[in-house]
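Read from first to last, the chains carry the letters A, B and C; within each, the first residue is number 1.
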Amino acid sequence: MRRIGILVFCVVVALLIVIPPMANGYYRSLFYITLLYVALAYGWNVISGYAGYFSFGQVTFFGLGAYVTAIVVTKTPLPWEIGALLGGVVSAAFAVPLGYLMLRLRGPFFALGMLGLARTLQVAANSMGITGGGQGLFLPPGSNALSVYYWTLAIAVLAFAGTWLIDHSAFGLRLQALREDEQVAATLGVHVTTQKVYAFIISAAIPGLLGGGYAWYLTYVNPVSVFSTSIDLQAVAMTILGGIGTVWGPLIGGVLISQISEALAAQYPQAFLMIFGGLVVALLVFLPRGIAPACAAALSRRRARAKPAEART
Amino acid sequence: MSAPLLVVDNVTRTFGGVRALDGVSLEIREGEIVSIIGPNGAGKTTLFNIVSGVLRPTSGDVRFMDRSIVGWSPQRIAAAGIARTYQIARPFVRLSVLDNVAVGALTHERTLERARAAAREVLEMTGLAPYADRPASDLTITQRKRLEAARALALRPKLLLLDEVMAGLTPTEIDAMAVFIEQLRERGIAAIGGVEHVMRVVMKISHRIVVLDFGKTIADGTPAEIAADPRVGEAYFGTSLEEASAS
Amino acid sequence: MHPALIGQLTIDGLLVGGIYALSALGLNVIFGVMRIVNLAHGQFVIMAALICAALFDWGHVSPFAVLPVAFVGALIAGALVQRAFLRRLPEDLASAETTSLLLTFGVSYFMLGLGFAIFTGNFHSVPYLTGSWSIGPFSIAQARLIAFVTAAIIALLLAVVLRYTAVGRSIRATSQSLQGAMACGIDVENVRTVSFAIGSGLAAACGCLLSTIFSYNPQTGDDFTLSAFAVIALGGLGNYAGTLLGAAIVGLAISFTGYYVSAQAAQAAPFVLFILILLVRPVGLLGRRAA
């Protein structure tokens, strides 16, 4: 079973490498947006799905990565990839002190604290000189959008693989334990603060790395485009649809939802927000555990029926 | 005589103006089973919270293996060898029974695989093995109590704090739990059990009994001494203690 | 620093703070009873304000006339959100608090999209009662003062309802102890609906009163959620008297930053204050740590 899984994974990745250069502009950008959101959803899933700290401000790091890249590209001769990498590093580094501070807050306090942080940075970007104020920064027109695609593909694959590893590791178990009950986890020997901060760093580095690609892809950054919490909204909706705190959830949800989002975002931005808002509500009420756990349950039922004599492994 | 494993030295803890613990002292040696009895609100849970690092004492000292552990984080105390259970079982409901136990085993096993293997052993010991792969939410109240104990044991503790392990159990289950606690001694694990009722079992399995009331120690001695202590029997336990010692 | 200027900024800040208090009280009633934060709270504020702006444009309808209607409308909408969605959340997904955060996050975006669809993304304001009164060296904007007085009256009414009516007593009882309230035979599910309705109604009332003071578009809703939350983080969750103090502080922060730093900074002042407060005291300035 695991061997088949790895094989499928390799084939899919190979196809994702080979197809886009042959596809037209529309499909190429669809591929890009899908991977972008899948990766963002994986980022959100670590701190919110595994560690149980719901954040509505992970977009902070996405914006940070985008701005770092824009500044690097416009003020230095360095290529955007260096900027994007730097954006990831800056985000991860910023997440260390921020994690120690913010993760003392729980539930609504953490969620709103992060939302407030994203707004604060948005306002800051709006009023500072180096960020170009409300106008933002303009990057040289991206001659090679394909490079952004591959960059994002690489991060999405890493995010998926990383989540798989977390799910199968002691670290992942510790995160899930503290998600369920932080005090009990501590009395069972889990270093709760350290584990939470690690999760937060991962959840900051992923959007941080993605932001730079997005800046290069759009060829501009401004406070509204990269610090918008509707970016988090999409990652949240995708993760819930696919299955929160699961390995496959962000992938399933991200692939499904990006298609709707692409079709709607440009033409009907209001309908887009309403549909996503409504989707989050409907999912929580009707499909709270998401698709992935439902599939897993169905699969294991089928397997149990197919081989009644054989014990499950 | 060996040095005491745990020393609680004149510990006081106040909440607002209320003294939940008022100058409580006690000692426990390796492999010893001590029961702390007292009515609800006597301060048993507060004492467990202080020893396990969930709360800090307002004053006084707690020493474990000759080192003061006041101010240590709960995880450091857990790793040092003090495990606890909670009065109302608090399983990680969405994790499997096995993983619930594996969390504790991670303090001494590096990989998840080895922690799970260690957890399986503990599950065998506590009779939860058949439920290993079920989510903890499937367990009955009694099984949850066992799971509490299993998780604590997975830490390989030297001292186990059992907060109201008997509460809510049927007489048969209480006997099973008593057997379990007596087995701890064979493994060299000391235990402090907090108990509100169930004097019959307490009298049988305890080496020593400490009586708490309104945050103060009002008696500390062998079961026979406690049973003979008129203050304890009459003031706080009515006839149940006499019945208990008679049976 | 000129004393008269400081006095003026203080007056402005306190007046605005008093109006903010209304929305924060609403959020606090909801939190007290349900232990959840309604992330769509600011959307109720902004929806009401946008409706006031639209009606004023259409036929010079006074926002004060819209207020009771908006209040009742939000009452119904709030009750619906609780009855139709919040009550049906599964218990085992995560704690109710965190799942409800996600849900109200969704509701908030639904309302944001609705706001954009109806009112567009343009900024609106109500040019009503634009005059001001002079008292000594100070000038007091009419709209602000009247809105402040109205807010004070509504807050007083809320206090009366909470203290002297059966519904109010059940709300306070449920806030203090869920188990206790259930043991007393209080229909907790009903109390939740009522408090969510009242909380949303207060948000809408606040929106009507603010409609003449600020300019806003649907996007500003989040800011009102955050500032209301900042107020109750300052004043303490479940602490109604503290809410008034918190609102005064937030109002002053907005007015002073607005003058001494920039309008941009004034916008961010509540969030910065909020984050700082939470970092110093994770349970709020006047909050009590749960036992």
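Here is the rule we use: a residue touches a chain if its C-beta (ideal position, glycine included) is under 8 Å from a C-beta of that chain, and two chains touch if they have at least 3 such contacts.
All values derive from a computational prediction rather than experimental measurement.
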Please find which chain has its CA centre nearest to the centre of all protein CA atoms in view.
-> A
Looking only at C-beta pairs in contact, point me to the busier pair out of A-B and A-C.
-> A-C
Give the label of the chain whose average Cα location is farthest from that of subunit B.
-> C
Distance between the CA centroids of subunit B and subunit C (whole Å) is 47
Length of the line joining the C-alpha centres of subunit A and subunit B, rounded to whole Å | 43
Express in whole angstrom the distance between the two chain centres, defined as the mean CA positions of subunit A and subunit C.
-> 31
Among subunit B residues, those touching two or more other chains are 93-94
Given the complex with subunit B, which residues does subunit A contribute to the contact?
-> 168-170, 172-174, 176-177, 180-181, 183-192, 312
Show which residues of subunit C lie in contact with subunit A when the two form their complex.
-> 31, 36-37, 39, 85, 88-90, 93-95, 97-99, 101-103, 105-114, 116-117, 222-223, 225-226, 229-230, 233, 262, 264-265, 267-268, 271-272, 274-275, 278-279, 282
Of subunit B, residues touching subunit A in the complex | 52-54, 73-75, 77-79, 83-84, 86, 90, 92-95, 99, 102-104, 106-107, 110-112, 115, 133, 151-152, 154-155
Residues on subunit A engaged by subunit C in the complex (per definition of touch) | 52, 54, 56, 101, 104-109, 111-113, 115-117, 119-120, 123-124, 126-127, 179, 229-230, 233, 236-237, 240, 244, 269-281, 284-285, 288-289
